[in-house]
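Next come two complexes, and both contain subunit A; in the first it sits with subunit B, in the second with subunit C.
Take a look at the complex of A and B:
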């Protein structure tokens, strides 16, 4: 046993082979995708011209379009986002609780709750909107429900995970004091997850402002309707106004959310 | 031995058998706990605890002291055996009956287990949650008698003026004082303590033990606690139970505890000076 015979290597030969295979597969996958996408070179070459042309048509913006159609639609978008978020909170709260394995220690219920959360998340807001437009007809109601149903999965998943990270100690203490389940939840779990819950809610509201802006494209109300109209009529100066409005509102929502979060946490 | 009937106005409803109603003694019969099948942590513990004074369980880490304490109020499910308290077999209780039994048994924890983001007052009132409906708890409609009692206990444990402080702003010793006060808020007929001083410095440990001994003696509450510090156990307990390998290997007053017992409990002897 001589000391300099001790060898050390970061990876075993097997691991090295695995890593090499991974890189090979990654490169191959990239090549295949490029071929499948089927880029037309001519369209790619004149893209810069198209962009310049588009901006030229957008300028000067048609500011009169804002009071005429955009403002009201914007308010409706905010309503859709906010109502949808509130509705989703009410729906996600129980599902999130059922999904948390430590709060409800019944595997079958956890799985069912997780299935609900996954189905909510796996469907895009626009698809939810199409569904609700088909059921309730076009308008803000369909948009609100689309936002709410897409958000259940997001809020419920994060809230359930926050619950699972809650410390067991206070729960034990209150259980040992003979507290019934609702009291244990209220006084041991809730105080621990409350900041997380409001933080998730604000975050989702922020996302929903953005998502509800495009719901109008499928007829589910809000500022997207104004965008859709302007796009169909090729009024690029009006499209520019709508886009700028959405941009401003998203920035504003971001500022509001950041401010509130720093206050409550 | 059995203490005289509950003198502290504690609820004794639910005690089924005549004769044992209202007593505060505890009788453990053949208690076994297996976390994994075939490897019992507790191997048929039989133990009678009188209805007064402090009974200290000592023993090496991992020998099931904590499991034994937690089986009594069913934070841990016993695998086999009986735990008789006030005429009820605690090991068999479920649902509402279990909650009603639990609220007569207070518990103090090593890590205090306070609700960090709630105030000291709310933490104390948490001790009453077994008696308060969830709706009233939600609306914070606690009985004035409970609030008065909480203020009184805060004075006794030396935390006068701390009612509005958040629990996470307190030091370890202060937290354990809140933990003890919360347990006493239950007006328990038995107090369990799982390593109540292990997270505290030596001086604070003594203060906490003094407080717990004083408060429970004053309210005539028997205490079962497990503790690492043998000196503290001998100083405060009326009875020492030594455990090793899931069995009780010593049982007697502190005066009878000799070095050979400690060798038997903890193994080896190099650590004894």
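Take a look at the complex of A and C:
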């Protein structure tokens, strides 16, 4: 009897029920999705020929397209990504501070800041770009703002979490010395979160290089415009040049970020 | 001899010395902002002009149009289906790829190609991959699903390989010592150590696929993105706001669900 009661079980019955429900829901969701999703099987039959055709049209690449329109657009993309990242850092800093429970101990303000961060993250950068193109017209301004607004949520969330992990000691010491709150922030919180801040900024810049490459598809400037033009005209040899350029830049950005990160952190 | 030696003056002057490298970085950033803004022709007049435009734009968005719920629901459910199917296939594909890429269990001839494949999947934005798949398999949900599968493999397989590289090798050795086959080692020594983290990655990817599935529609990959893009092109801004609110609501609910799943599997 006693031996029976003391038998070791990894999960309580409640935990087991929860897990079982999860698996059941997951399988059911998958089955329902597969059955109801709108797939036209006829389109799939000639997919291999289409892929072969795609590569045949891409080769040989039209290298003359690079100096003609890609290079200028590439520089614009890099500026959109960098400027957008810097703008998002400036905008996300106050929101991140408001979201940190230990810096601003008012629950209502924390919740409001978190709502701003979630909304910024839920709307995709392409959708932000659509909105800003409608407001400011096509061009780099819309792209920069789209990158900035999409990044606020990411940077603000991570920065707020870094602030919440900061140690109390320096803060208490400065408060006890009678320092006003800007000094407390600059000399107690900032030195503790500075490495995290730069690391978040670099990480986001890397992501933004990727994202800014497609903004041109909705008219928000950058290399995406060159891609869109080539796609609309079905010049696949030019599309290949643009894709290769994006690939090279993304790899380069990742190498730069990894190098800087290993230096400063 | 009774007076304490005076402290060196320098150590008392400023407890927070000026760091010139940090200051230079800030100044450099400031100069870059001015240069880049000039290069992109971002002027204040244009911004202010746009703000007036933005007022009119917002006025046309409110009140949101709740009359086309069937259209909204059709797009949303397709997005959800795309996200679920892409996550399931993405996870299933990531298992072998991630395992092959883990350097502590696999020889170099297996890790190198697996890592190159993962890097290739990661380096292109899902929208670009979606464009290529739209060309290959035509417009519709299938192009979106395939594009998101590629994105999922690029993300989960990388994290999965990193998780496997962090496991304790003692259990692997113990199972190996019993004469277990390779598959037995994987299922008895490796999987139990990484399963919890792996469910975490999978729920995160479901969340991220849900966000991205709103986007692949813009280039013809199906889902709510195509509904949104059509509404934009028809200047149906009140319906656009409805769609945006619906997307934010779904992702909010998704985030809560993902957090709940992660707690269940901790």
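One rule holds for everything that comes next: the second predicted complex is superposed on the first by the 248 of 265 C-alpha atoms of A that agree within 3 Å, B and C clash if a C-alpha of one lies under 4 Å from a C-alpha of the other, contacts with A are read in each partner's own complex, and residues count from 1 in each chain.
Everything below uses one rule, namely that a residue touches a chain if its C-beta (ideal position, glycine included) is under 8 Å from a C-beta of that chain, and two chains touch if they have at least 3 such contacts.
Computed from a predicted structure; not experimentally measured.
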item: Broader residue contact with subunit A after superposition on the shared chain, subunit B or subunit C; value: C
item: Which of subunit B and subunit C A:187 touches, first, second, both or neither; value: both
item: Partner chain(s) touched by A:169 [first = subunit B, second = subunit C, both, neither]; value: first
item: Which of subunit B and subunit C A:136 touches, first, second, both or neither; value: second
item: Partner chain in contact with A:178 - subunit B first, subunit C second, else both or neither; value: first
item: Subunit A residues contacted in one complex by subunit B, in the other by subunit C; value: 187
item: Subunit B residues touching subunit A - in the complex, by the definition given at the top; value: 73, 75, 99-107, 109, 111-118, 122, 126-132, 134, 137-138, 179, 182-183, 186, 192
item: Residue ranges of subunit A touching subunit B (in the complex, touch as defined); value: 169-170, 172-180, 182-184, 186-188, 191-192, 194
item: Subunit A - residues contacting subunit C, complex; value: 15, 18-19, 22, 29-30, 32-34, 36-40, 43-44, 47, 50-51, 54, 75-76, 79-80, 82-83, 86, 118-119, 121-124, 126-127, 130, 134-137, 139-141, 144, 187, 210-211, 213-214, 217-218, 221, 227, 231, 243, 246-247, 250-251
item: Subunit A contact footprint on subunit C (complex, rising order); value: 16, 29, 32-33, 36-37, 39-42, 46-47, 50, 53-54, 57, 77-78, 80-82, 84-85, 88, 123-125, 127-128, 131-132, 135-138, 140-142, 145, 211-212, 214-215, 218-219, 222, 228-229, 232, 237, 244, 247-248, 251-252, 255, 261, 264-265
